[in-house]
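I've put the structures underneath this note.
Two complexes are shown next, each including chain A; its partner changes from chain B in the first to chain C in the second.
The block that comes next holds the complex of A and B.
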């Protein structure tokens, strides 16, 4: 790579793990040169509750990534999740000023400013303003409406906002490593960029990222994010349910979930047992496979039902032709796609990253960090460093960016 | 009509959240990164500041504003020149001040070092001179001096005669700073002409054999050297012979064709023999190798006559045959 390379860091501070990716971007090539991972502590449901513990984990992951990359990063793109994140839709319409009804930049600017005009409650701050397509006299315009002729120009924004203190906590964890946060990216959007194609987003797709402490979802329609949301429920709750239901420690319940958990109840025989450890050591116990599946399935179905409920009228099966795409660490539970298909009434499948993603980054737990990295590279490209020329693995990444 | 968007209050975004650097919230790695970043910033600032200051100084110097010039370039009055001599040097700071004759209040930048060096080298007592500026106000003069090996008397332009000191390379100088008692031990030089040159006087012909003889005598036979009154180079060109007249009038002839050490040893032996015969003025010829003819001339007056000896051939008193090695004697 050339000496003009820039180094982009992507950080995901999750409930179960903290993941850091470092990419080298030289304008024409992109390479992931460092990865750091650390089991998360001090983070519950995506929010930092123990600053010291969370900082130690995050900084360990950052150090590991920098060491592997052999370079120092100066700023990072940060994935944001948490139950405090909410969204609302606001739209505005203006009459085109020109006598010949030719839309110009000032019309576009005015309607955008109006659409963004909405007071937030005290302590809330905007994370994302996601613009939906313009409409000219009711006609949807995928691109810019400038120089089109029309009388009425409309636009709408899906605004994601969050609790300022929670956001500041996460930012301060990064600042504790003397790094600047360049951009905050909603975790569900980041995952969505990786596990869906532009065509799927155009046709309508629902991305559900079932993480450790939260479930993030993003509904895409007409090529852009239509509705997003975060449920403060995730894989940790399934573990908790197993722990309470089967009277196990959290660690044992987690082990049982990973080995024998299933999102659907397929075991008919109540007497079918599974061993906790399977090593016949003293203390090893047997549990009913059916009971495990029932507990896990109940929580998964309930979670997906809540997502459906939160989406409300925004989700209609006929506008979600690409179906439901599941990602996140908990999406590895067998049978979860069947449950999602049943709940949403559309086909569902596990999200797969593009073929060019390296094998060690393909598992669902890395999709968010990859998506954040994608956003970072896209931001770099938008800052005039987009002369991309790639080959192999990253030429495909270039293609994705180009068509996103 | 559309409302003016400029009157709309801006929405608060996460970018409005301050991101202050608080070292207490940092991990060790973060503090280390912060320290490095501060060091980098300070280094960058220092380099930038240096460049700006340098540029400003140059600009000020170009404008001719002496007040804005750096201290090292200001025309501060020169301190007294400092003299650094080699280990045998006798010249002092007063001599340097007289020689340089610098005007009062002159600054270092006004000095013409080449001309000053010529002034220093005009005194033939100085063999080499190096003048160095030490900003802002010091001039250091480092010299090496010539050592005299003999004395001579030269005639100046007005007919006046004056004693000079002769160095090994033939340069003749008046000498300053020497101990008069030490100079009195130097033999007189005769049989050589001194030609005036650009800087002073210089002995005509090669006096290197004489320099070697005197050096050998001074260090190998100082008791003999102390008795030497004068040395003549008159026969050096023709016969490669050096004539030494001792204080008792004895004339000793050395040859430049062989080493002086053996000749001095023979002379010492002969001198010891002659010392047992008082009242004679002898002529000792060491130019013939082991055969050392000694011509003795008894004097009527006990006073030693160095000059104006009786003319005519000296009667041969004896010839010492030194084919047989003389008894051992430490010189």
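The block that comes next holds the complex of A and C.
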């Protein structure tokens, strides 16, 4: 690593807001020195639909962050989300070559290459190859299997892939600001990294990032990401439900959601009403608190149930000892942890970043950008250290800017 | 003209040339008409068309037509739209007799079944050919009635939209939202019928009662007589001191208008207000401001006000709007002249369509001159109407223009509470 410090921007282009963090990275130290945030436009369900509007917002956020940092961003790490991201699992096994059954580097390389052979459908590109732990004769090896003795070496990869054009859309937004995207990081992995501890990931934990337009989830088992997914349903859907159900404009529904939304139906009294504005102005209307809660609760519960169904057999309460961790802007809804605990049958709590994260960055809405920064740096470090496939899943983050 | 069942007609037509007929098709449609029969609206003729003899025989309506006797043997269509359509096709003459000599036909039907989905479009087509303005009120099935019925209902609705001037769907699911905990099935269906009844009644009142600011048949035709757009229909009432405010609030929750606010914009809007003798200009102004604010300030607005002594302090508002939805523009409905019209001269408002003429040639271009630059598209087959934001599949709100997210055959963009039939007390 160079001794000169680099200025890195971690960007999350979300459906509700665009968040930029600027960090000064010098060798082993990282300091966050600037932050920019801008309400997002032209992004629906995590995908850029209006390039111009999205660019304007992103550039405003980038500028703000640069101004605050007093430095120019040199490269960007970008979070990726959107319904187009999918994943599959592929595994391979080899017999150990050496006569004494001692596994060496070439065995590891062969088995990894074999496991990554599966072709992608046309028009799709790999975002991450996440390696699950090696197995030697069926025994799980948390670290590297090199120099262990065994006859059969197995490995599997969870490959996250997305549509090339959609990926290029977000990257082009950043390129429009004359910046290069150095790394792209799956949003669920980024926030998962921030809100869980290594111990939790070892015991098994499910991170659900309920954002504005998407719900990103990552299931960790045995210390690494096992399954990830994106469900393009988020807080905007709750707003839309309220707007249809109570016949409000989107803006009014949004306000009502933030003020009176609840993920569980707690109000028993049908007659209990809340004001839309509460400022005694003309045109203020009353709504039944119960109706609001019913609409929101139905959506939240369903969203979590769909996540559980998408995870399928990968999620079992026994292998998810550390429970469910919720993050993202919609996780601020009161009672959401309760619902998650009920749906998944394991304890659930709201994600907290590590204690060293500064007070003004602890909001759940910032977790992804924070995670992107650290995942990106970690990946960079590992790229620098070795050209070969390294340990840990972060090393398999792809440098996409060369392809885009 | 001297059929038994139509014996009243000449007298009815003698004082006003607008002949309105309410035609119920299928089981649900007949039930709704039966219910309205109790209301005894003068000048409103009623008829029911069904494939089920048993259901017909119990109807109190005078004019009953059994169709498809040779196909269903009078035993109903059994939920098969094809059978319903065949039955109607087989008895075109009978249907033509029912819809003959009418200016406005309300078609009432319940989508999802055999006769409703299959026969109703045929009836509408025959009615349109005869020169009448056809407005259809249709109930959409409950989600719990199953996907097949819903699919049939949507196909039926689409077919109906292609031949009607206005189609006003009433999703039963929305009624479920309104229902109280202990409401019986009977009550729920009665509620659906009641809404249809209110809709028909308000238009009937608009046309038959002479207003302070009169809305006549021509105005109605002007407003809805263009196909290929959305239809917006809502009504509400209020009473007492805050009658106007109540009415405006009522409009906001009218199930016939069950759509989020951003799509409630109409290009042409007809607003009719029925009030007691105490209706003041000030109040009318107040209401019109609120209504236009909500449904489109730039629209072409027709307004009517009717004074009805019986209303007392009550006020009833009925809005009817259409909007042109892109897609090659709207097509003025070809107004085919009726074959023979009794008493054509007695037409005070000059309202009815072009009178006297030769036999009807349905496929030929209309006899009325095309208006407002619509000439170029007149020969194009009428497009199916734009799907209106009603019912399960369609209310996606802001996500209207985005890809669907399908999970287990459900569109996740549609509000969960709607898909699961959770009752919301507004």
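Throughout what follows, the second predicted complex is superposed on the first by the 374 of 404 C-alpha atoms of A that agree within 3 Å, B and C clash if a C-alpha of one lies under 4 Å from a C-alpha of the other, contacts with A are read in each partner's own complex, and residues count from 1 in each chain.
Operating definition for what follows: a residue touches a chain if its C-beta (ideal position, glycine included) is under 8 Å from a C-beta of that chain, and two chains touch if they have at least 3 such contacts.
Computed from a prediction, not measured in an experiment: that's the story for all the values here.
Contact with chain C, but none with chain B, is seen for A:49 once the two complexes are overlaid on the shared chain. In the overlay built on the shared chain, the residue A:250 is in contact with chain C alone; chain B does not reach it. With both structures placed on the common chain, the touch criterion links A:294 to chain C but leaves chain B unconnected.
After overlaying the two complexes on the shared chain, residue contacts for A:127 are found with chain B alone; chain C is out of touch.
In the overlay built on the shared chain, the residue A:358 is in contact with neither chain B nor chain C.
By the touch criterion defined above, A:118 reaches chain B but does not reach chain C. Contact with neither chain B nor chain C is seen for A:98 once the two complexes are overlaid on the shared chain.
Judged by the touch definition given at the top, the superposed model places A:175 against chain B, while chain C stays out of reach.
In the superposition on chain A, A:237 makes contact with chain C only, not with chain B. On the side of chain A, the complex with chain C involves touching residues 44-45, 49, 83, 231-233, 236-237, 240-241, 243-250, 270, 287-288, 290-291, 294-295, 298-299, 301-302, 306, 309. Put simply, chain B touches chain A in their complex at residues 2-3, 5, 8-9, 11-14, 16-17, 19-22, 25-27, 29-31, 33-34, 37. Within the complex formed with chain A, the residues of chain C that make contact are 252-253, 259-262, 395-399, 402-403, 405, 407-408, 412-413, 415-418, 420, 422-426.
Only residues 51, 55-56, 59, 62-63, 72, 94-95, 97, 107, 109-110, 113-114, 116-120, 124-127, 129, 162, 164, 167-168, 171-172, 175-181, 184 of chain A touch chain B when the two sit together in their complex.
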